[in-house]
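In the two complexes below, subunit A is the common chain; its partner is subunit B in one and subunit C in the other.
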Partner chain A sequence: MERSDRKIGFLSAVPITVILMLSFTAPLLVVLLFSVMPPKVFTLAHVPDFSSYGVLFSQGYYRSLLWSLGTALAATVLLFLICWPLAFAMAKVFKGFTLFITVAVVITLFVSENIRLFGWVLTLMKGGLIEGHLRAWVGWSFEGALYNVPVIIFGLVYVYFPFMLFPLVQGISMVPDDARQAAADLGATRRQIFWEVDLPLSAPGIVIGSLLTFVLGAGALAESKLLGGQAVIVIADEIETAFTYGQNWPLGSALSIILIIIIGSLAVFGVSRVDLDKIMGRRR
Partner chain B sequence: MRIGRATRIALYLYGVLVIAFLYLPLLSVGFASVSKARYLTFPIKRYAFQWYGKALESYTVQDLLWTSLSIAGIVTVISMIVGFFGALAFARYQWRFRGVFQKLILLPIFFPQAVLGLALLMWFNSIGIIPDWKTAVVAHLVWISPIATLVIAIRAYSFDPALEEAARDMGASTWVVLKEVTGPLLMPGVISAGLFSFLLSWGNFPLSLFTTGADSTLPEWLYAKMVSGYSPLVPTVGILSIATSMILLIVAFTIYWFVRSARERGARII
Partner chain C sequence: MKLTRRQFNKTAAATVGLAAMSPLHRALADRNDQMNILCWEGYNSDEVLGPFRDANAGATVRAESGTSDPDMINKLRAGEVNVWDLINVNQPWASAQLYPEKLIKPLNKDRFMPYFERMLPEFSGPYPLAFADDGELIGMPQRYGPFSFVVNTDKISRGMAEDQGWKLFLDPGLNQRYGILTYDNWNIMHMCLTGDQNPFDPMDDAGLETFKGTAEAVFAGAKLLTDDLVAMNTALINGEIDAYFTGGTYTASPARLDGATNIRGITPNSGPVDGKGGVVWIELTSAVNNPDPSILAEDFLEFVQDPEICKAVSFAEGTYNPVSQMGDSKVFAQYDEDELDAIQWDSLGEEMARSLDYQVVASYDKLNEIYNAAKRG
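On to the complex of A and B.
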């Protein structure tokens, strides 16, 4: 039985592995190869010269990278603070209401990200849902809330909300009630229970949630374009420009590789520290 | 640890507020889609449904709908099949490279989609494929088939391996076990994975952006219009796209509910 388990396991992994090899691993290899080509070439038949990596510092692309990482970090921290009370309530306090919130949040995931962001443009712009009604009813008028850095972070918080919420709920529900009860019986204060029971025991959920939001936020494009009106240029934007208007594939590839290395090492580090079987509820 | 009444009420209120916050932008889009004026300002003075008629008549919109539908349809079918086997390898069987495999499945989900789209564009170019909507199917699969795998894996984790072992002990072949035991047990997971796949592909924008070539999907077209300036068709087509998803969800839930209540009735008779 053990042997057949091994064989079937291997065979069932084949289809998706083939798909991912052909359309995930192979493209990344191509990007890696292009990134060492001389500037502005469109084939791989050139002598590699790594010059595209030098441009990162000489032409200030590192600033875009820092903006991306900074806004993603801010969004991650904010999301943790916003999601924790709700996730706690969903795991430990709400009963039927948890299902309602889950369904309501999942449904928003099925609405195209740019339609939702466009909705915020209509809500926050001058003459939009908020400003327009305030002006008509109360007589308040202001210049809309769009096209700055905080609104980009706001957009990230909005779009990646479910990616923080659900892992947190999963993490917190892994904290046994007995452990919290025991801590309380032994005289721990609420704050102590939070720091010494809840946080460490729900760490896998926190790691996954923070990682997802940070990684997706660092590579995000639509938030800064639609809401931020390019108040700052994020790295994904630079990459897109290098490929499209710039017609400089090696530059775009080099920028992508740098982003991939930062994000990838974080993702691999985080994922390797978490026991997937345990989080997803393996039985035996 | 008891939670006080006041805290409890505050938490419920907080939940309601968060949901309201999530749906507020959709409310704006909804209002904008029924505004009569060509240039939108709130509060809306006159309501009209004319833009819906215009959108449905437009050949461009019909083309977009058809492209999005074809991509989502094919992605759904492939994801369900691939995800079914992937989930077995992910959750059910003990085999040598399971740990590595689990991480390989997770990586594409953690990957910035716009960059992935560009990488695919270069890959297609270097092997001589001209991108059109079929290459977008491949792009969507990279991201959606791992998600389908995870959705089915959750189901695969929760079923008792003893059921399969019992069937095998009674002499069923691997194929029969798969068809008669594992398949039916995982079916709810496969169906929800299919639903997820369709809806995620239908709404996806960053992967389509670089991989559809001359063709265009609904979210892509919307994005192009949003960036180039306001058009009253944008909120209208946006709402049409959302409505399609919602109708599909409602149909799926209704079928689920009917099947479940029919089965419960059947169980009672036996």
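On to the complex of A and C.
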């Protein structure tokens, strides 16, 4: 009886599984197929020639890729350093205040990213909130803080803050207080407790938070466009240009596939190292 | 959980029911009660669509604005010819790509040729790029504007900017004092003109090398790059930059109407192609080659020739632009002094005379590669 139940369950799940598989994989498959087409074609009815992958190096697209990965890495490291103390306090110290911080951070997500970034443009630009007030009040005048690489990283840190904070809180709350107390009783210093208890036991949260921020940061576009004045051209920008002004779908697809492979392998590697069931609070 | 046969049948029946309600059956219906337009911002505003909806009660009128010509054309290429009835893009795309690829179809000449007679002199000829090589009318012109570069006239006088033309951006005095509006297809034309080259002629290796030098120099001297005209105008108004590369009435008019009349689109006095150094864009609205066409498409095209609607198109949200129909006194009477000043009406005629038509750039693919490499730095 149980076997036939399972069979019916499987059969009735087939249609939706097929639809989901198609809707997830079909667009990716089209991108993959376009990426091996000769340049500047708009249909898949051509002999594949893989030439679009060659231009990654011949035309310097690797630089944009490195900028994207570099700024994402910098933002991830900074976010970890910034979020750790706050996450620790939220998980172990604040109690009721944690809810307040959670709501406050989540509320920012209700406003579109572009609008929030434009708010920063108005704050940081020359004649903006900061420089404008200082000039009016004390006569200080200086160039705005926009249009450079540090401000792009600042933008990434700002936008992806919740994506690091909440997994870290979750990760740190998994560290049993008993373990920390036992370590202290056995003479461990605060530094030792941090390195040998807190960090390893909250690793799943750290991995998830880092993966989320890095993956999102590597594909980010608005920060470099709005805040950075395109001081560096990121890979997402190149992909957009290839599809639009370049009218070169195979090139855009090849650049996308390269980014997907890099990010995908990182994600698979990261996720395979952590126990997702554990962080979701499920017992096996 | 156990799944009984009855439950399974129920689920299956619901699925079939949902599928039956899908838009499949709509494809068989008459489309004369709907019209979809893919356009630059303005045609999708309530001021334009509202009266058309009132005049065609019961019809479903939808409009979507694109962010670039190629973006909109991509949609048609990707199979959306079934969806759209009209497309509104700049002049070279219709004759060079859309019509040859059968993405748009000819308009009824008997119906639309008379409208050219009431247009401004530049268009009443009639305007040549509205026609395909085979003589068919493939689009109606409406909004247009000289598009070269923009300066803050408090920092750089209009006379000096017009005299210096594109060389302004190679002047060491302006190093790190200008922005580049990344309308890439425009920048490629303008960088050719900066290097005294004709963008519309095919380029040999020496020409490409010259272009590379110009592109690298222009990018190296730029303080910021953005594709957002509001951000660019803001930087110009608050003094972070004194000028920006690629811009014109389209980008300067919102700031001008807000009172910042020191922000001005500039057309160079001279240039390398027939003595001209400026470029003008002219939108053409064309009928999409929809296999299931709607009669409302041409109705709409006729509707936007009405004086009040011309003004609504001209002063829709975002940017303000002159329209070819301003040759008709009834249309012209719709504008007040500030609005005419916002679109630089005082110099519009002479700027048009100094501007080349935006055409297809012959060596675009190679130039685009060089341009993007230079942008990467």
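Here is the rule we go by: the second predicted complex is superposed on the first by the 262 of 284 C-alpha atoms of A that agree within 3 Å, B and C clash if a C-alpha of one lies under 4 Å from a C-alpha of the other, contacts with A are read in each partner's own complex, and residues count from 1 in each chain.
Rule of thumb we're sticking to: a contact is a pair of C-beta atoms (placed from the backbone, for glycine too) under 8 Å apart; a residue touches a chain by one contact, two chains touch by 3 or more.
Just so you know, these numbers come straight off a predicted model, no measurement behind them.
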Mind checking subunit B and subunit C on superposed subunit A, clash or fit? clash
Could you look at A:F243 and tell me whether it touches subunit B, subunit C, both or neither (first, second, both, neither)? both
Kindly classify A:Q192 by the partners it touches after superposition: subunit B alone (first), subunit C alone (second), both, or neither? neither
With both complexes superposed on chain A, which partner does A:G219 reach: first (subunit B), second (subunit C), both or neither? first
After the superposition on A, what does A:S265 contact: first (subunit B), second (subunit C), both or neither? neither
Which holds for A:G229: it touches subunit B only (first), subunit C only (second), both, or neither? second
I'd like to know which partner A:K40 touches here: subunit B for first, subunit C for second, both or neither. second
In the overlaid three-chain picture, which partner chain does A:R63 touch, first (subunit B) or second (subunit C), both, or neither? second
Quick check on the superposed pair: does A:D5 touch subunit B, subunit C, both, or neither? Answer first, second, both or neither. both
Who wins on subunit A residues touched, subunit B or subunit C? B
Would you find which stretch of subunit C runs into subunit B in the superposed arrangement, from 150-158, 168-176, 222-230 or 330-338? 222-230
Overlap of the subunit B and subunit C footprints on subunit A, listed as residue numbers: 5, 8-9, 12, 15, 42, 118, 121, 127-128, 225-226, 243
How about subunit A: which of its residues touch subunit B in the complex? 1-2, 4-17, 19-20, 23-24, 26-28, 30-31, 34, 42-44, 82, 85-86, 88-90, 92-94, 97, 101, 104-105, 107-123, 127-129, 131-133, 136, 158, 161, 177, 180-181, 184, 193, 211-212, 215-216, 218-222, 225-226, 236, 239-240, 243, 249, 252-253, 256, 259-260, 263-264, 267-268, 271-272, 276-277, 280-284
The answer for subunit B against subunit A in the complex is residues 1, 3, 8, 11-12, 14-15, 18-19, 21-29, 31-32, 40-43, 81-83, 85-86, 88-98, 101-116, 118-123, 125-126, 138-139, 141-142, 145-146, 149-150, 153-154, 157-161, 165, 168, 174, 199-200, 202-206, 210, 218-219, 222-223, 226-227, 234-235, 238, 241-242, 245-246, 249
Per the touch rule above, subunit A residues touching subunit C in the complex are 5, 8-9, 12, 15, 40, 42, 59-61, 63-64, 118, 121, 125-128, 143-144, 146-147, 225-226, 229-233, 238, 241, 243-248
Of subunit C, residues touching subunit A in the complex: 1-3, 8, 11, 15, 68, 70-71, 73-74, 77, 179, 182, 184-185, 223-228, 231, 234-235, 237-240, 365, 368-369, 372-373, 375-377
